[in-house]
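Everything on this sheet refers to the single structure shown next.
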Amino acid sequence: MIKLIGLVPLFPLIGFIINGFFGKKMGKGLSGTIASLSIAASFVVSLLIFMDLQKMPEKSVVVNLFSWINSDTLKIPFSFLVDPLSSIFLLIITGIGFLIHIYSIGYMHHDEGFARFFTYLNLFIFFMLLLVLGNNYLIMFVGWEGVGLCSYLLIGFWFKNTEYNNAAKKAFVMNRIGDLGFLLGIILIFFTYGTITYGDVFEKAHTGSDTIMTAIALLLFVGAMGKSAQIPLYTWLPDAMAGPTPVSALIHAATMVTAGIYMIVRSNIFYSSSEVASEVVAIVGALTALMAAVIGCAQTDIKKVLAYSTVSQLGLMFLALGVGAYSTAVFHVTTHAFFKALLFLGAGSVIHAMSNEQDMRKMGGLRKALPITWLTMGIATLAISGFPLLSGFFSKDEILAHVWEENKILWIVATLTSLLTAFYMFRMFILTFHTNFRGTAEQKHHLHESPKSMTIPLIVLAILSLAGGLLGLPEAFHGNNWISGYLSPIIAHRSPSTLSHETEYMLMGIATLVFICGAYTAYNVYQKSKVLPAASEKDMRPSERFIYHKFKVDEFYNAVITRPLNGISVAFHKFVESDLIDGLVNGVGTMVKWLSGVIRQLQTGNIGFYIFSMVLGVVAIIFWSVLK
Amino acid sequence: MLTGLLIVIPLIAALLTFFIKGKAARVAALGFSILEFAVSVFAWYQYKTEPLSKQLYLNCTWIESIGANFSVGLDGMSLLMVLLTTFLVPLIILSSFKNEYDKPNSFYGLILLMQMALIGVFTTNDGFLFYIFWELALIPIYFICLVWGGENRARITFKFFIYTLFGSLFMLVALVFLYQHTGMYTGIKSWAINDLYQAGRSLNASQQGYVFWAVFLAFAIKMPIFPFHTWQPDTYVNAPTQGTMLLSGIMLKMGTFGMIKWLLPVVPLGVANWGSWAMLLSVIGIIYASCIAIVQTDFKRLIAYSSIAHVGLIAAGILAWNQQGIQGALIQMVSHGINVVGLFLVADILFRHTGTREISKLGGIRNVNPWFAVLFLIILLGSVALPLTNGFVGEFLLITGVYGYGAWTAAFAGLTVILGAVYMLRSYQGIMLGESNSVTAGFGTLAPSDKAVLIIVCAAIIAFGVYPQPLTDLAEPAVKNILSSTK
Amino acid sequence: MKGLFIISGLGIFAMLAEIFKGLGLKKILYPVVLLGIIAAFVVNINYEWNNTMSISWFDNMIVFDNFALAFSGIILALAFFWFIFANDYFENTTNVTDHFALVLFALTGALMLTAYRNMTTLFLGIEIMSIPLYVLAASKKNDVSSNEAGFKYLILGSFATGFLLFGIALVYGATGSFDIMTIRTKISLMEGSMPMFFNVGVMMMLVAMCFKVAAAPFHFWTPDVYQGSPTVITAFMSTIVKTAAFAAFVRLFLVGFGNINERWEMVMAVIVALSLIISNITAASQGNVKRMLAYSSISHAAFMLMGILAVKPGMSIPSVLFYTLAYSIGSITAFSVLYNVSKKGGEGFDAFNGLSKRNPLVAICMTIAMLSLAGIPVTAGFFAKYFIFTTIMTTSFKWLLVLAVLTSAVGVYYYFKVIIAMYFKPAETTEKVEIELPVLLVIVITALLTLAIGFMPNYVIDML
Amino acid sequence: MTGILLQSAIISTPIEWYILLSAALFTIGACGVMFKRNAIIIFASVELMLNAVNLLLVAFSSYHSDASAQVFVFFIMAVAAAEVAVGLAILSMIYRNVKSIDIDVLSKLRH
């Protein structure tokens, strides 16, 4: 079965091709079915492979397809690697991908670009699978850039809207900044180890000097920063909410943005060998987590809140990676995929019901109209906020435990983030589903629960969010932490937890306390006191406005990078190019012409002058020859 | 013999085409160029089965007294370039089917003549013949631009002509200088490439430096490399689309190809002493041209600048002088040729359908013609080197090669990855996305010939991106050969 | 030598034809002249080439060795083309026979210049060639420009002759002989003990020869005379006369003063540099094609002088010979097109406007000629320049090469002005440019020759 | 007797003197061509230059005891005559057209 791994990405590719060429003619039903079926097929194959893998002793299989790029010693085959890490990601991608495909059939039903949507979605799954399946860094890079492209296409899905297009472009370009780092990292790996195939590289990893390993780790991390929206390359992700909501759920929450985590877990040997790199990853992660959480507290757009929440959670994952808790990060990726996808899909359901209204200030009291959505989203909110025994609780707690072990300051930051998370999640939940309805009458009239194709995925995901924690049940709970054991073959240096169970219980207690504080504050403010976020910017306090404007980071980038780049370009174009360089080139021509005008004046037409100049020449020559 | 045939067919075809009146000329030209392509594919087959086959080489005495021979041959590298040429010329001819050109027989005859000269440049193993073909290629394109070009064509094409000629004259002087140093042991002077290599390497460092700069100047102007590029955007914009395609798709490869075959192996000391300066110019050119491309308003001009950036990277890869760099350069030369032909055709289609190439005036064409948008997007992705498009294979190898030269150089050269995305996406958004306006609402459908060319180009982009093996098979051993000969 | 006899005989025949009007010889004069030239050419090639028996005439004053035969072959071939394209010049003038006679005598002088081996015959050759030309230049009697051209040519020419003679006298004084070979041996015998005035003599002869081939700063007459003279005569001057003058120059300096080259090469190098710069740069702003061609002829003269400068007879002579051939053929094409175009449109660049539409064939031929003059492959002009380059590359004057390259680029500018006019500028009239068949043939054949020599220079080189 | 005396006087005079004399004559002639504006006088000046050469040739002829230079002188004289004839013919033509023989009038062809 494992030899048929090629089928996994092949199905979505086929779906993509069919939908791409014939989607429009087939009609919506068929097109959506084909797209979903192709992912379902992938999921089934992935599941079978996953099960096969469990039976295998070595837990890693390489499947060679064909040789791709050859240049002397640089040999890059197009080959796939199935091992615990990729198999988990396979399941997440195809599983959640499938649910979201189903959901989209309902969500996108009225859109004229229905077939196009599924074309892109299938292509995305294809690239995402390449990303996690590749047996060397370049195949990962193929998927890496491929998902970037799909992200670009899907963010700008409604291409008539200029702002959406700008958001798409921004996402692509910011990702490319990271990609350059990634690419240079790959090249450095090649020059250091003479190969970029995972197995060979990791085997030889320690033959490289510390500096080089740090450099590799940091360069790869630059790539991860772009893709997984970390400081300073995170600003594209909130803007990416311009895309249809299922896209936000699939790409910008559950799968693509976790590619950075995948990459670092894959290359964990470089990070565990490099103190510096690990610290950088941890600090960047912690800062991102905190900053995004703060911003999330002041947003009014439901999707923006979720977006910042995603950034913040990704930050937590990087924090985990930074402290060497690689399998924990994957655990959190998994649970996060469940509840964040659910949150986005729920938000999509709300938006769907509200006739595309995304502003929470105009929602409220939707519980009655959307009971299933209310329930499932409630579960997700609890999960992400760290309600005890839900999936998020376990994964986040494991992260906090590892951080506690490594660095107390970072632990404080992480806990603070958890507090804020609970606050803004409940803020969102209350503003959306509770209190009174604040929309227009027309919207109220239209309110309806979403169709089955949308609610079923919500329910499935809700179950997963509830039970996801079982994957990594900690020892303190007499679990065996399956995920950590499963991933152990690919983790180079495992530092088994030295924490006593008492400390763990204490940390869990603190986490629960933090959850209660956050949730209660939100309840107090928004439910009890019925405080509403300021209706317009003018009403905000300066600090609030500053946070609302995301610390003005976009403006800052604009002033520091975009505008100077534009300025330089204009200067190059207007002055250097046309005046200086071309001016010089043309100047030569002009000078020749001018000289020509001058020299031709010598030709006076006067015989006397001709004779005179001849004589002058003769005299000069004779003098010269005599003197010589 | 086959190589000789490859040169003779376009020549005869050109002469015949001159005498065919009216629209039949373009059909005939297309037929001839496809025949030429078939022959080149056969040559490829021959090469695969027997790389040193006599069929691929032709050597007749030409000017005995100066030791110049009509010596042509196909090794992997030349074959790659020849295939590129023979592949693109039919596309270029086909792309012109919607343009009504005055005196079509001359137009197509000149294109075929140009093809002959280009194939000559790529196949010759004789320094003198190389120079002849090099110059010969200039004349048809000059007339194509002069007679069928845009508004300011007289001044602009003239600048182009005199600028490139100026460079090649220096190359001629350098070649003559090398020639005078051949035959140290035999006493017989010769233009054969190996003798020139030997002569060049026997020179002292300062002499090699002079030769390096003189020849580099010629190539740098042709490609063009910053700061010798100012003729290029104007010429590209003003030339008829087919002329631009020839210029950017094939002709600029003369410069990069020349660097690989006729410059770097000849004067290794010169390269060692001065190569870093040339590298500096190439890398500056990448960033500089990309920046300018960002603020272009005319789409054709934007492509022109992007071409400078791409070619800068190719030159940098060549100057890095390692396996990955040169191989990447060769592959990228092919990819760039294919992509840029597609891009210029897009520009031409835009102009034909809307009457303008101003990005700000266009927009929303995707609403009107989604297939065109898709094809354009694929070409664009090839151009920004997205993996699984042909552009990526070359660009990855190039950056790897440059990295072998210097990590920071590679980092700066790699900025093209980012800047390329910036200007390309900006133009795509401006042209294709958004609401359609009065200019673009009546865009209509594509002509079959245009559609055919775009589809072939897109197919090639994806095919070579997914499976670049055919290109690699040709390039890899050739590059190894040339590298081992200089070590 | 027999060729020389035939040509001078033709000249006398032309004069007689005027005298014996009754015989109607006038009518057959033109074909007779053409046949005569062919005969002379054939005699040259067939009977005298590589023939060591009868090369020396008049006590070594005239020697038809292969060098002379090659140059006179070129001259005769050019004369043949020239006569065909100049046909209507003869038809439209009074005293046809006189014109024939003058041209034929000038041709005689030119042939003498290729074959002299004595200062006397050098002087006589120059004068026999020049004096008829003075008259021909001024032959448009009512045209002041033509008068002025003839007069300027005469005054400046005789002034230069003065220098030539003074130089000859001084050289004679130092060596005691007019014979080139004797002078050569004397020089090598007495090297170091030559009186100072010998040097002065050589320099004066150099100046005079530079005047004849129109090199700066002795070139001033050229543009004015070329412009003022009737176009066909200008063509004669810039092709046949130039070739003959260079033949004389080469023999004098490579044979006569060849082993004292260090005394004159620096001066010549400076002259070459000046000529290159002045001619090319001045030509760039000319509005009159004929005048432009005059400047171009100066720059070509500079190139040929570079060939002489190398002083390696094995390389110099073929390269100069090839250059004269390539240049003259190109010029014949250019002048015949110019002559026919200027009949209606004048001599400015705009006369060529839209020629590609008004007569595409001629436009293509003119393009080839311009490309050849600009030295672009694959034309004869390229190889001409190439041979000069390789020749000069072996000397210490490599800097001249750089200058030559730079000025060549400028040169392209003005040649291409013609091409741009033909292919780019719209014509005022759509009227076809009608050209008589024989003239058209000359244009096409010379253009084809330019290409043929460009493709197969080996045939010409091997012949030399 | 006087002939012999003359002969010895010619021989006894150093050759440099002859050279200087002819050079002076030649220079005078050249200056005449350079500075005079009247065409006839210019012709006369050219004649003077040629005659300076004649003088020099004859002197060298005597010095080298070689008659060939004297033959050369005859050629020069003949050619000079021809040149002047042609010159005067052209001049008369010019006079007919512009009514002047001032060479400054003849500067229509320039630049």
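Order of writing sets the chain letters: A, B, C and D. Residues in each chain are counted from 1.
The rule is simple: a contact is a pair of C-beta atoms (placed from the backbone, for glycine too) under 8 Å apart; a residue touches a chain by one contact, two chains touch by 3 or more.
No experiment lies behind these values; they were computed from the predicted model shown.
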For chain B and chain D, the contact-path distance works out to 2
Chain closest to the assembly centre - both centres taken as Cα means: B
Look at the interfaces A-B and B-C and say which one is made up of more C-beta pairs in contact. A-B
Using mean CA coordinates as chain centres, what's the gap between chain A and chain B in Å? 37
Whole-angstrom distance, CA centroid of chain B to CA centroid of chain C, is 43
Roughly how far is chain C from chain D, centre to centre by C-alpha average, rounded to an integer in Å? 28
Averaged over CA atoms, how far is the centre of chain A from the centre of chain D? Could you give it in whole Å? 99
Give the residues of chain D that touch two or more other chains, as numbers and ranges in rising order. 30, 33, 103, 106-110
Can you tell me which residues of chain C touch two or more of the remaining chains? 152, 155, 159, 223-224, 413
Mind pulling the residue numbers of chain A that touch at least two other chains? 600, 603, 605, 607, 611
Chain touch graph shape: choose line, ring, star, complete or other and state it. other
What pairs of chains are touching here? A-B, A-C, A-D, B-C, C-D
Chain B contact footprint on chain A (complex, rising order): 66-74, 138, 141-142, 144-146, 149, 152, 156, 159-162, 165-166, 169, 172-173, 176-177, 179-180, 183-184, 187-188, 190-191, 565-566, 568-570, 572-573, 576-577, 581-582, 585-586, 589
Quick check on the complex: what are the chain C residues that touch chain D? 119-120, 123-124, 127, 131, 134-135, 138, 141-142, 144-145, 147-152, 154-155, 158-159, 161-162, 165-166, 168-170, 172-173, 176-178, 197, 223-225, 227-228
Chain D residues touching chain A - in the complex, by the definition given at the top: 30, 33-35, 37, 103-104, 106-111
Considering only the defined contacts, which chain B positions touch chain C in the complex? 62-66, 131-132, 135-136, 138-139, 143, 146-147, 153-154, 158, 161-162, 165-166, 169-170, 172-173, 176-177, 179-180
Once bound in the complex, which stretches of chain C touch chain A? 152, 155-156, 159-160, 163, 196, 199-200, 202-204, 206-207, 211, 217-218, 220-221, 223-224, 263-264, 267, 278, 281-286, 410, 413
